[in-house]
Every structure is written in structure tokens, then in C-alpha cells.
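Lettered A, B and C in written order, each chain numbered from 1.
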Amino acid sequence: MQLFIEQLLNGIAIGSIYALITLGLALVYGIMRILHVAHAAVYTVGAYTGLLVFKVTGSLWLTFLGGMIFCSLIGILIERFVYFPLLKHPPYVPLIASIAIMLSIEEICRLIAGPFILIFPAKLPFPEVSLGPVIISSTLSAVYCITAAVLLFLWIVSTRTEMGLAMRAASQDIPIADAMGINSHNIISATFIIGSSIAAVAGILVGIYYNQVYPTMGAVPAYKCLALIVVGGMGSVPGAVIASLLLGVAETLLIGYANIPLPRDALAFIAMIAVLMWRSEGLMGSR
Amino acid sequence: MSQALLRVTDLSKHFGGLKAVEGVDFELFPEEILGVLGPNGAGKTVCFNLISGVYQPTRGEIHFENRTISNMRSHEIATLGVGRTFQIVKPFAMLTVLENVLVARGVTRYGSLTKIWTVWKSESEKAAALEILDRVGLADLADRKAGLLPLGNLRRLEIARALVVGHKLILLDESFAGLRNEEILQLEHLIRRIRKDGITVLLIEHNMRVTMGLCDRIVVLEHGQKIAEGTPEAIQQNERVIEAYLGRRETYNASRSA
Amino acid sequence: MNAYVITIATIVAINAISVCGLNVIVGYAGQISLGHAAFVGIGAYSAALLTTKAGLSFWAALPIVITICGLIGLLLGLPSLRVREDFLAITTIGINFIIEAVFLYIPFFGGALGIGGIPRIVLFGVKLKAFAFFSLCLFFLFVVLIICWWFTRSWAGLASFALREEEEAAASLGISPVRVKLLAFVIGTAMAGLGGALYAHYMRFISATDFSFPVSISLLSMLVLGGMGNLWAPLIGAVILGSLPEIFRPLVDYRIFFYTVLLLLMIRFQPAGLLGEKSMVRRIIASAMPGGKK
């Protein structure tokens, strides 16, 4: 029983991290209908940047801040120089561009920092909590708290601020949002800033949690998170979060308990296809 | 009274809670021109989509030449000799005008796994397509890319395609919308010629003058239901019809005298 | 022709065959297929198993391989058509991952070790190697191109083009969307299967990662670079993307980086492909023609 709870907690942590990464994807898809595979590269860059800042300053605040700023910059560059000009083309065009970006960034990381696994020896100042015999390590509680904080922040922004309202309007219908005087390009940039910052946070968290930073760390989330935004219902942020948590838990429990002879990637896609067959618009998609 | 070519009974289409079309009945007789009128949102295009197989009815039946076609899909209905145009024109933009019509010429081949492999670029096919283009007055634009045409010509292209497929019945969905005056006259002339060639016409139109002048009979819809049916004269006197266009009375009167 | 060039040329020819199949699905019929490598893999594994475990010759196995691929294309095509268009892309990606996982994890397919010892193709008693094998690939490429060419001339091709432009209008003219899409799918996957079979007999050793998602993207990139929907696009794309890594080889460590950056630049600035409408190449050719205008 204790093992089960520990696995469950691990699963939720993994699911939370998936959620952080998938959030950015869902936001971008919602507003641009583009599958932003390169988001995984932004996440990787976040981890590297965070590590660099941490090595130089030793301050966790600066680590996160530095990662978020740098990744936002990268996100904006990608959006302005690649995605926006390609909007009028069929969707596979920005998709290929996105994949090319991801591979290039992976290569840049490898060329600059080397192909080795680097360690991220940071300690997150979160408390260790005991629930009876089960101990939630400080890293675990860090993941929970930070994810919760990010989700809360997003919720406040999207429901209580003008910009959030504009973002939701734009993700429904850009021409109408435009007609209402909402500057859609600024909204798009804002979306990328938010999404990329969250990816940076995710990258740093993962770097610390697993104590590993390496160039191809984005490869797995890149496609798995695509499946997650579909399961959640394209562009639905709450759906993406729920799907991510479910997958995190399912993966951990299945691998731990059931010896299913299929790799985790395939699991995500099988789950995706199963959900689509049952509810063709995803868990929280519309219509 | 001759046998009805098309018979629609209790036709209904619900989208979730919305009753777009509810309990509509009417008949269409061979070689007549029947008009479907109604304010925006009355369900006219939904009716067309039901008859042409784009939607399947929630309730009710559609009979064509005594055959039940209620659940048939668009492509099957096309093979029965029913053609249609679309309110928002849908040309095959990257193909030429001639090729657009040639696509329609394939209606007899697409269903057969053997015929579908025969060649379409033959002289006889091109000649047949050119003849149709001639009928609608687009013959000299045959090699132009369809995507470059202005609206008036695109509407004629829609009709050309529908003519190839619809050798028994043609459904015209607001084909007069956005046309200039001479174009309207030309189109009226074309439709009368189509009927003279033995093809039955069912049309949706907003332009009152055109509808009253062209149609033998008219069916009026409002909120998805039929509220009147009869000759143009009878419709013009009908209280419910006038009421349905209330507030548009100025436009109604204006278009009557246009 | 030295051995090195023949090696590259053979791979280019095999890729071109697979990409022709993709061209039928994506270019002609306008469908989305981001998991094409999976079908190449099905062809490769079928050929490998039939010629190793079942002891058939390449020639006896080939019709079976093509049929299997076409059938699986049909089976996977059907649910793909039910899925909403936004999801089709990801569904095809998912199919790729799942099939790769099947090859990797089910022992029958050799697991992580793959399948080795695939025999050479024997023609008239001669084991085909190097240039002879390349010629065979060229022959199959020729056959595939003829089929594609005939497709564009047939009513099936016209129906596909119409369907690609305006599905509703095409349906109103007697074209059954499901039928035509499935037809394109089956032809496309069958061609991929042929490419896979040739690949298996060329490499003589295959494993699941040879047919992973990045390979699908590579194939799609070849098609897009060439100019989707154009008969010669698969060949041009395969030649370019096939020779680039070799051209960049002297750059050693920076190879992949330059390759991906070049891909990004090409897609960003010439998304319609080199043979696409209004492409730079077409404009250069047009202005170079006698009496040519800009």
C-alpha cells in the first residue's frame, strides 16, 4: 500500500511536469493552430540556461528568472521569424519547420555544451513532508508547489485580466478578436512568452529532479505532449493538464505494476487513439 | 397532375437543440421551376443540403422519382441526375475552368473501379465540356485558372458543373447573389433555357423580383417550417409571408417595383 | 560510377519510391500522413520475414508484401478518416510510434536486435549487388513513376485533385470522398511497402528505429522540398536531401546542424517546394527561356 502511494505521488509529479510542458503547446495551438514541436527544444534550452545561471550565481531565483527570460526570447524569435510568415501555408509546413528548429536547437546545445549528461546539483528549498510512513521529498513537494503556482497564475491571468480575456477570445476566433480591436499579434507574442517561460520552469525542474541535463532531453516530451493536447481536447488548457496528470500516473503505475511490453511513447499514443475513438473531440474539447 | 419528381415529407433536421428544419412537406413536378423563399435562418440551405445528401434528416423522408434518397450521400445522389450549386462558390481553384467541368463529366465513372482508371484528358471529353461552357457563356475562359475568376463567372461555372451532373434536377443555391444587373438578366435567361431543355429547377433566392418572375410556384419557410406554398401571385398576397418579412417591408415593396 | 556514389544513389532511389507513395496520399489526394515510415517498415519487415523465416525468394514475396501493405493501409486508413482533421496529423504520428513499438517489443519481429541475414535479390541466378541492384531500384522507380503518371491522367487522379481542392463540391459531382481517399492511401502504402522491401534487401539488416517518426519527417521533407503534387517532386527531394548529408560530411561534427538549418531555411522560404508554383527555380527557368519574362 505504501509502495502504491509512493508510486502514485511519483506519477502525479511526472504528470505535473508533463502538464507544464503541454501547457505551452496547448496555448500555442489554441491561438495559432500550429503544432509547436519546437517547444520541447525551448524546454531543453530552459534547462541549460538555468544550469548556467545557477553555476554562475548560485541563486535559484535568478536561475528561474534567467531561464524564463531567455526562453521567452527564443519563443518570440521562433514565432516572429518562422511561424507567423508561414501561417498562410498548409499546416504541415510550419510543422516541418518546427521539427527542423527543434533538431537545430538540439544540435546547438550539443555543440556548445557537449553530448554528455550534465548534473544540476541544486536544492529546492521546499519542505519534506511526511504523510504517515510515506515521505514526500523536498523535490517532489517543489514540483507540486511550483506546478500549482503556475496553474494558479495562469488561471488568474486568463480569467481576471484583460489580456487573459483577449487571449481566450483570440483562441476562439482571431478575425473577431481583431475586429474588437484586440491586437492579435501582441496576443500571440504574449502567448509565446507565457508558454516558453513555463517550459523553462519545467526544464529547470526536470534538470533538478532527475539531476540530468542533456541535449536530447526534449525528444520524448516533444511528441508525447502532442498526444496529450489531443487527448485533452485541442487547445483546451484544463484538458491538457488533466490528460497530463492522468498519463503521468498511468505510466508510472503501469510500468511499475503491469509489465506492459511497450515503451512509454507508444502508451501515450495508444491512450490518445483510445480516447479519440470514445470521444472524438478529446476530453474537454468542444462539440 | 403528373407524378412528382421530388417529394419531401415531414422533413426535419435538428442540430442538438436547434430545429433548423421541422416538418417540411412539398412536392416538385417535372419541368417546373420551384422557388424556396424565406428570411435568413429560415432553413432554406439546410433543406438543400438535406435533399442533396450533405446532411441526413433527423426525421422525415425524401423521395426522388419514387426512390427513397433520404439517407443517401451527396456523391450517390449526384449519380441519379441531381446537380447543385453552392451559396458560397466552391470552384476547384487550381484547376482550369475546363477542368472544373471535366470533373463533373466523370460522374458516370467515379463509381466504377474499372472506369475510374480510364483517361480523362481526351478530345471527346474536352469537346463535351466546352459545349457546356458555351451554354453558360464561359467558353472563352476555358483555360483560365478557376481561382482567378470574378464572382459572376464563378457562379456560372457552378451552374455549368451542376448542368453536367443534373440532367434531371438542378438545385440553385442563391445563384443570383452579388450579381450585377446584366448578369442577373443573363442568368434568368439561362435558367429558362435549362427548363426548356427538360430539366427541373429548384432554387433558393433572396432577390424577390427574380423569384417572382422566374418561378412557377413558391414555397416559403420561416424558422425551419413551411408557412406558405403557391403561385407567386398567391404568395405575394399571403399575410403570413408578409409578416415574416416584417420590417423588411420597405425592401419587399422596393424589390417588387424593381 | 564509383562504389560510394552508387551507395548514395541506391538509397536515393529507394527513398524516391517511398516518397512517390507519400505524394499520392498527400500531394494528389490532399490527405495528411505523418507516419509514412511505418508503412515502409511494414514492407521491410514483411519482406525480411518472408525471405528469412519463410524461405521465399524476393520475387515470390514481393506481391505478398505489397498486398499486406495495401491492406494495412486500408485498415488504418478507415479509422483515420473518422478522426477530425486537426487530429489526423497526430493520429498518423501515433500510428508511426505504435508500429515502431510493435516491431521493437514483440519478439516475433526480432525485438531490439531487428532482423538480419536478409538474402540478396537473385535475378536469373545472379545475386544483385552494387550497380546491378541500383539498376533494379531504378527499374522499380520507373514503374512507380509510370503508375503515378497514369494516376494523374485517369479519372481517379482528377477526382483526387478535385477532392483536395473542395471536398463538398467534389462530392456533389459524384466523387465519394471516402473511396478516393482510401484508394490514394492504399496506393501510397503499397508503394511505401515496395520501398521497404528494397530497403530490407539492400541493408540486409533492419531494426525498428529505421522506421521511426524522424524518418517519416525526412520523407515528408523530401516531398515538400520537391514540390508536393508534382510528379518529379519525390525524386528531386530524395536527391537533395539524400546528397546533402554527404555534401556536408567534411563538416563532420557540424553536419547535422547545417542539415537541419538548411531544411529550416528551405521550408521557411520555399514552402511550395522547388517545383512549386512561383518558386525561385521556376522563376529562374522562366526568365531564362527565350522570350521569357520575369
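Note that in this section a contact is a pair of C-beta atoms (placed from the backbone, for glycine too) under 8 Å apart; a residue touches a chain by one contact, two chains touch by 3 or more.
This is a predicted model, so every value here is computed, not measured.
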{"item": "Those chains which touch chain B and also touch chain A", "value": "C"}
{"item": "Innermost chain, taking as reference the mean of every protein Cα atom displayed", "value": "C"}
{"item": "Furthest chain, CA centroid comparison against chain A", "value": "B"}
{"item": "Geometric centre distance via CA averages, chain B-chain A, whole Å", "value": "50"}
{"item": "Centre-of-Cα separation between chain C and chain A, whole angstrom", "value": "32"}
{"item": "Whole-Å gap separating chain B and chain C, where each centre is the average of the chain's CA atoms", "value": "42"}
{"item": "Complex contact set, residues of chain C against chain A", "value": "26, 32, 34, 79, 82-84, 86-87, 89-91, 93-95, 97-98, 100-101, 104-106, 213, 217, 220-221, 224, 253-254, 256-257, 260-261, 263-264, 267-268, 271-272"}
{"item": "Complex contacts: residues of chain B adjacent to chain C", "value": "52-54, 73-76, 78-79, 83-84, 86, 90-95, 99, 102-104, 106-111, 115-121, 161-162, 164-165"}
{"item": "Complex contacts: residues of chain C adjacent to chain B", "value": "150, 153-159, 161-162, 165-166, 168-177, 179-180"}
{"item": "Parts of chain A lying in touch with chain C, wherever the complex brings them together", "value": "33, 35, 81-82, 85-86, 89, 91-93, 95-97, 99-101, 103-104, 107-108, 111, 223, 226-227, 230, 234, 261-263, 265-266, 269-270, 272-273, 276-277, 280-282"}
